[in-house]
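We just call them A, B, C and D in the order they show up, numbering each chain from 1.
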């Protein structure tokens, strides 16, 4: 875990209200694994007060990218960061996806900006020699971000691209006919989607890891602000920022 | 009194930490008189929360200028206003200096950025055909702003320009030897300076108008936040934003 | 277009948005910048029997997302109000709510009796956050018995809607709401400002001449919402929600928490037409969210039952 | 270099900057980002007898220049603290202040007795902002008698410095300070969080699972300063000032208002080394302003006398 000021190399709007911000952050980049996140202070004002968490989207040497939409004050400021501007970043945070292990094919499932961790995840899975299939869901075609991904199938709410409906339905249609292989699902997206996906993974008894979100005050495990309920075990809750953000779908109650 | 969004035409640092901001504000410009001020919202965030008051410095047709130093959050934002950016401004506010009346020579006395109202005041006094002498005080030579002024004498705390000492002392030295003429003093600056000046004006029984400052919440007379004590009269306090900012030095207790 | 009318006792407001006492002068102070006929009502600056000079400077200091004030209830007194302001206010097409402050129960009564003789006042709001000189300056509003007595005495003197404005600087504000409801108040307004302080670390002096002052603005909104919600669980009489309301969303939050109407205070200083914009916004919000009558929003907050006491540990 | 040492009862702190309970874990949770040996002390997360799960999500929401939390005092319990955390804390060159929370007077006593058996604890801070299950959940800290009883009982059990952490959600916090001083507390810490609430106007639900939560951060600093100043006028025992301290200037303001030491809370979430930076800044501030001993600043606020009661009207 590292804290420092890192230079913003660029911010680009790559689709309507979808931005990619590139940071020059060698100390963080070298230690980042797929599914980990950065906690970014968007300004030195007290509004926004807290840092804003963002998954690492893509890594290229000393460069790290995040992808985000403007939803409020913090992301508004980030979207207008000037090139060269130093950003106060803590990271990498959280525990990564399990990319190794004895599965042949990785199934990446993302809803909306849940696509964020998928490019860096894809890169690491390839290093591990895993086959990869990617299922993306979004409101409409403009919100589908395919870069750095492999074998992408798409679902949109309005049918403007690919299957009309949810990405989980898309996967449900695909799985039965899919060639027999040992698989593992890696997912990130809105809670309702992750809930549905957990059930699906259960039905087909496919291993499934989920990256979860929660409002966070610290992002480093000192505020107890980001609980997720555990299915069983001694503790009732785990902390998403410290014990996650990645959890086995069988371990958590969404 | 007018409220609206007016375009920032430029912001320039004309001396170390002294900025001139030019607004295109025809509706306000046409009604502004010397000594009046603008109440500017520096951003749409709640920090800074309140508007920031600034005297009108100079007028050129539809253009209004203010001059300021960066002392905190609001002026910091103003200093970095981008050209073309619309600023939320209320003005003109307050009561102006009395430029007409039967005096021959106007003595303008300013301490630090108390110079702010002097250029527009000078312009109006000239229209009235008054003779003008200007006495400027500042910490050092770099903080002396002479533009648009007439017959300027200078005092600096460190003697780096003109008389070493206060601008009031400078005036005290000058007055006795000055040719007999009916005069009126117009002053703006820190309270200690205005206090000393009031005494001086009393001694030499010269009419004297002061432009006062106070923390302000509204700037328009609805919060009762900006009192100045009155020497005598029914009311104990007047409101600087509404009854001033200009007061006869005999009427107020500083 | 949704129906924005709300009722407080016998008073019908054309919409639930008022301007808060002390933050809009006497109601007619900035005609150039605001159209008071668009809002539900004007609450006047607190009126005392005699004019009050108020506190020495400095009276204002800005804090993080808030401000402290120490005005000292400077006001022109009830007689000058009646002579100089009321005639103008009568001409407005909006409710005129006279806010009364005093340093004794008798003074509260005298001011109200004086106002009762005049036409044009729609209702009264009683500012009980005042020191009781007879009790060595103990604040009326922090003492249930004194708050009850003021309400009882004033209730006898008027048939007009009587709102008691509660201070948040107490342990259980709902206790005060219950007491005044019991004494026949038509409603409660809350919150008044929170006691706060700012220090100049260079001069090592307080920034306000009175050392402490009243905190207002966005910073206090979460506290105000909690107090309104607490009172809404405790009494049936209408609540007027106040505290950090800057925009339409804020106003809606107070209605959901249980307020029948809201007051806009500090926001007036930043934008004298803030309250009018909130009236417009409220209409749009209702239309967009299929709300036919704004009263549907009042207390409409959905709360899971069984939020246990232990969970209430913070 | 100025002398930054301060005393609270028999406890000497190498400097007056502590991290506040619940905002720095158990003290050893972010070694990569902070050097705890640089600060005056660590106040642990509140410890209860048994582990506590805490409240359901959501527990956190940001507000204007502040945040609400509803953690529900989730903690590992005193035994796991002793087994798993204390050994590490003992290795630090800073004061370790164990904060205790409980739902009964007996539990407060049991937790303290358990800790008394262990080496490495410098002092205790008692979080009385907890519901008393025996009294139907009435908050200990809002009742002088219950607060007094906790202090009396705990005082008997330890010779170590005993700090009572007061809640600001009361009418007169100085009354509570007097009571605990009378029962032999070595100092008081204030303020804990203010009760607040946030609403999602789209979903029409509270943003926190427990409806209300505790407000902290810059928004509450003016309130915290006023409470510290009020208590400083009322009692002689040392005060630990807490509430919205983000930087050196804030810390100095609390000292001037009468605090002997300060705690940094919410600021740790934004910058885990905030407290260390304040220690540095405090040293610089003293040197630059010719202060030889930081204690010279304590209560050094210059206040004009004769601020009259009527002026206290806001």
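Keep this in mind: contacts are C-beta pairs under 8 Å (C-beta built on N, C-alpha and C of every residue); 3 or more make two chains touch, one makes a residue touch a chain.
Computed from a predicted structure; not experimentally measured.
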Pair of chains joined by more contacts [C-beta pairs], B-C or A-C: B-C
Greatest separation from subunit B - chain, by CA centre: A
Interchain centroid distance [CA atoms averaged], subunit A/subunit C, Å: 46
Centroid distance [mean C-alpha coordinates] between subunit C and subunit B, Å: 36
Averaged-CA centre spacing for the pair subunit B and subunit A, given as whole angstrom: 56
Centre-to-centre distance between subunit D and subunit C (centres being mean Cα positions), rounded to whole Å: 32
In subunit A, residues with contacts to at least two other chains: 46-47
Interface hub residues of subunit C, defined as touching at least two other chains: 55-56, 64-66, 69, 71, 217-218
Overall pattern in which the protein chains touch one another (line/ring/star/complete/other): complete
Subunit D residues touching subunit B - in the complex, by the definition given at the top: 64-65
Contact set on subunit C toward subunit B in their complex: 22-25, 29-30, 32-33, 45, 53-62, 64-67, 69, 71, 74, 217-218, 246, 266, 268-273
Touching residues (chain side subunit B, partner subunit D) in the complex: 46-47
Complex contacts: residues of subunit C adjacent to subunit D: 55-56, 63-66, 68-73, 101, 103, 129-131, 133, 136-137, 142, 169-172, 192-199, 201, 203-206, 209-215, 217-223, 225-226, 229, 244, 249, 252-253, 256-257, 300-304, 307, 309-314
Complex contacts: residues of subunit B adjacent to subunit C: 1-3, 41, 46-51, 88, 90, 214-229, 235-237
